[in-house]
């Protein structure tokens, strides 16, 4: 019955996250480099500091935070074409990278960052649903590392992050609201929602889509409840990952 | 005080739509051709019937509905570059046209359409906020006209639309939840939400974004209430526009 | 017999223009915005003032006038692909926009314009033959409105336009020279000629093409006579449209 | 005085062509390969037979003739960017190659060609004005060679060319109508006209442009007279070049 | 003295490889998925089986092997632009992926593969010199895994690989011939050579480039000796990695 | 027997070059313009002086030398698509133009050139194998002419070329090592090697590829011997061509 959290393909309860991993310093060149895993979804998030800003920020005293997203061709079940070879990024890629950029900027105080850019790159090594929410969750940790790098170099007067940010997907699968959908669940779901929240619980983005039948206000409430609880766990895990240097 | 609908730049109440216009047969070639105006926002929505489907639908017995979106270079306050001259569509354009396509497909029964495509084109002649929601609202009327055209030609066994669909923007401007934001309001708002609903009141898409401070669950509820009431009026107007042949 | 002006599909005489409409202030943002209709051909011409010039004019004290041309996908009988989605403008589009730009520059004194650009955009809302000639005729009116805007702001020392410019198509259809071809006539004609002239009757562009059999010098003379008379009417209509503020 | 043909930079009379060269079999792979020189303007025109037609001609029993045009980067006084490296052909290039294609098709009977394509390539090795008219003049000779090749192979039932075609530029330079403009004359001219005619004297294309002041009907007549006489000489030279195998 | 292998920045002898790692099954979707590390250079090589071949192989009874190469934007010391965002692959990228494809095809018997494609993707997660040679070495192991996958499914009549293939870089750094250059060595070297060999010692590719002074035949011999010894170790390591299922 | 130089299709000995032609001043605008022919392979090499350098050289006091390569569509047996029309250069084109650029830079002293660029363009008029090696050999002569032009204008303090550079292909055809492969030989060969050397005999580039079976060290030595002797003849011919002004 839909009211009871029921078991899923991987044995999880409906309100359970997949095993979470946030591995900092995964590669050596970037100022922040985090491998984030939501179960079998693996995304490498790097944060690069660049001592310049886009034209519309020049002379403003403010910095900028932006993101790009990509997927290795064989991150997916069947190989997808390489966007660099096709010569353009898909609409889906652009939507996701714009979402990641907006989500990160929501917790930054750009004037405290100074006139520099933090360039986030989220590259999916293996995909199993939820790549954009994993990317946001990992990108925050990479961004903190990049800011700590700036701080260690004495380049920041004030800490430029005002809150944490994390994201999770929720959806209604065969009538049951579920947290953190894996690919098979995502493919089968009627309603799919991505929620981005701050550490303090403020909503940054809510993107709900009826894949099959429309959804009701009540279903939406149930999904937001699930997401809220899940994001609290993610923010907790971010803090733990960042606890040590 | 935020609780009271207050007057706006154009004198509207916070819960009022802008003057709405749905002018069918605006141009003569397309099977459906609707000029939709939400105040000063003017979008020409055409629905073209093409007797072919994309590769992934071939042989399926099902049709397809898809959309493209564009903006005339001087639809906006300052001229924006022509996408055809730049050689690519922006991420924003792609997001919007994907949204329009999904929204329309949500009310179509593709097997009843038969193996043909309804291609929606939404071109903004003049922009003053809410172009994507006007586009969806007008595109539905154009799609009905295209289906009536098919019906008159005896090409449909069953009516392929199961419901109406309309969309509206809502936002929190200086603390006040408002319906159908004009450009100056949209630029100033803290939270911006686009809501797509069916005629029967089911949610198709909810896309809320914190432009400034994060928003709370309570604010989100208030915005959804406003949107729901606004969309009911839009659906009523769609029915009236479609009442005559 | 070809010597006598004969009736056409729409009842016009061979030497008659289609009903002409020049609606100024059609949209609100552009400095000039004119909807021009040659019968069922409808083109929105906007003139945008930009306070910069292309690199080859910088520091010259001279301004620049240039044009872009587009067609809404369903302006035509069957839908044509959106150039922004295809990622490039067709050769036909480029030819037309280069012609519009040259034609307008022929009546401008660029040094009196000052170092600024008037960017013309001609977008076809509905096509029924003669879109390029309608575009030139409407663009001139939009350009005057843009110059008046500059004048009202005190930005012009001298009036930068030295003459009016208008354009019309002529062609030989089943042996009969005809003025202002509609689409069905254009498709059937042996020879198609576009003529651009100033208000004072000077030739700016003559582009004659044999679609079927070659044409003789005598036929060419007949076509130029027709065009000359037609353009005089267009220039008259431009003056009337511009008579009031 | 403008009435008298006067001497030019290279000593020519106003009504004289530059030294003309039509060298067949300039390269060995193409079915037709002609180096055409109008003075210092050198264009390599090849005609390639391809046993296929574009989609819109498939199953029609008709062939197709089309052209592409290019300029080596240092064919000009100062190097121009390589279009292949820029990733697109300029509007000028597209205009010219469309003109060449139309001009050649005007003398072909496509049903007699059979369902195959003659692909013309005109590549400018050295530019000194008049590259498009040289290209058309040389392309005709290359096309004849390609048809002779087909004929020798027994692939043609009837000869598919109904006439010759050649082209020349004319212009008004400091008040004097002149034939076959070299680059320095072209840069300085008030009016520039390209004329394409058949061997029998029919007009195929007339493209006149006022670069400075508008031109009158009388001036146009003078230019057409000059062009007509020049093209007769070109057609004569084409016949001579083609006289031997 | 140059004759004696001398110690390097990381303490290696001139004729020593960096620590090598060949981790199979690094991701789960691809038929072959190998993380190859040459020291700090880390490349993820996947081999995807696709049951189709390019047009030029259709109906030939033969299969095809091809490769694509990419670099994550922050794989390098300073971030490089994302090729998918720029809309094209660099000349360097294309050179490398063509080299990988040729090298793998050199050890395949395409008729034994059957009409299917093995698509190799080599994506650099971290770069420290030698990414193309690491890619070839890892791609062979991924290709073996893909062939084993086909064999387990009973899709191969005969084993399609006739030999192993591996690659290494060699160079002359400050006069000293060295094996397997790290980035700092590669930047400083006079001569850089990439060598691809089979398991049996046959040469597949030799690409030597003088970065500074030209090199002599004697230096070339020294480099080939070093490379040959290094590749033998790589082939040995490939065999060990492939020894277990 | 492989040991004995044997006759080839065109009667050459295995160690003989094809007839060589180096025609300077082939076109008139470029500072250097050389038509180089290796038998039926004809490449027009121009060297253009541009008084600017790429961004990474600005302010360095050093110049730059770079190259672009192209092939006329019908330079080949069957017509190949025009890269400008396709909108991108192939991987092969990019490889070749990078090779030409590197080869020329190897003999330049960029500080003596001053902050200017020598832009090499190599365009193949007719192809019969060895286009890249002909291009390098001709480009050197064009570059000398461009430097002499600079010298005559008093723009060089010191001569910026420290040596000559030329290139040749060698390969093993049916077991026989051969020099300067024509197209039919190139298509049939097992091993193909391009060698670039200086006038003093230093190696600049060696690119050997096994097209069929791998090659041995011994075969490689044989090929290098052939190439070395061939390049000495080419350098001799360059000197003769440059002997007069």
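Note that the chains take the letters A, B, C, D, E and F in the order they are written out, and that residue 1 is the start of every chain.
The working rule: a residue touches a chain if its C-beta (ideal position, glycine included) is under 8 Å from a C-beta of that chain, and two chains touch if they have at least 3 such contacts.
All values reported here derive from a predicted model rather than from experimental measurement.
K.L.:
Where each step is a move between two chains that touch, what is the least number of such steps from subunit A to subunit E?
P.N.:
The distance in steps between these two chains is 1.
K.L.:
Going by the stated contact rule, which chains contact subunit B and subunit F alike?
P.N.:
none
K.L.:
What is the touch distance from subunit B to subunit D, in steps?
P.N.:
Graph distance in the chain contact network comes out at 2.
K.L.:
Would you mind checking which chain's C-alpha centre is most distant from the centre of subunit E?
P.N.:
Between subunit E and every other chain, the largest centroid distance is to C.
K.L.:
Using only Cα atoms, superpose subunit A on subunit D and state the rotation angle in degrees, rounded to the nearest 5.
P.N.:
180
K.L.:
Which chain has its C-alpha centroid at the greatest distance from the C-alpha centroid of subunit D?
P.N.:
Ranked by distance of C-alpha centres from subunit D, the top chain is A.
K.L.:
With chain centres taken as the means of their Cα atoms, state the distance from subunit C to subunit D in Å.
P.N.:
28
K.L.:
Using mean CA coordinates as chain centres, what's the subunit D-subunit F distance in Å?
P.N.:
Whole-Å distance between the two chain centres: 33.
K.L.:
Distance from the CA centroid of subunit A to that of subunit F, rounded to the nearest Å?
P.N.:
Centres of subunit A and subunit F (C-alpha means) sit 51 Å apart.
K.L.:
Among the residues of subunit C, which ones contact at least 2 other chains?
P.N.:
87-88
K.L.:
In graph terms, nodes being chains and edges touches, is this line, ring, star, complete or other?
P.N.:
ring
K.L.:
Taking the contact definition as given, in what order do you meet the chains if you travel the ring from subunit C through subunit D?
P.N.:
If we begin at subunit C and move next to subunit D, the sequence is C, D, F, E, A, B.
K.L.:
Considering only the defined contacts, which subunit B positions touch subunit A in the complex?
P.N.:
88, 91-92, 94-95, 97-98, 102, 106, 193, 197-198, 200, 202-210, 213-217, 220, 224
K.L.:
What residues of subunit D sit close enough to touch subunit F in their complex?
P.N.:
Residues in contact with subunit F: 27-30, 33, 40, 42, 44, 46, 48, 50, 68, 70, 72-79, 82-85, 87-89, 93, 119, 121, 123, 125-127.
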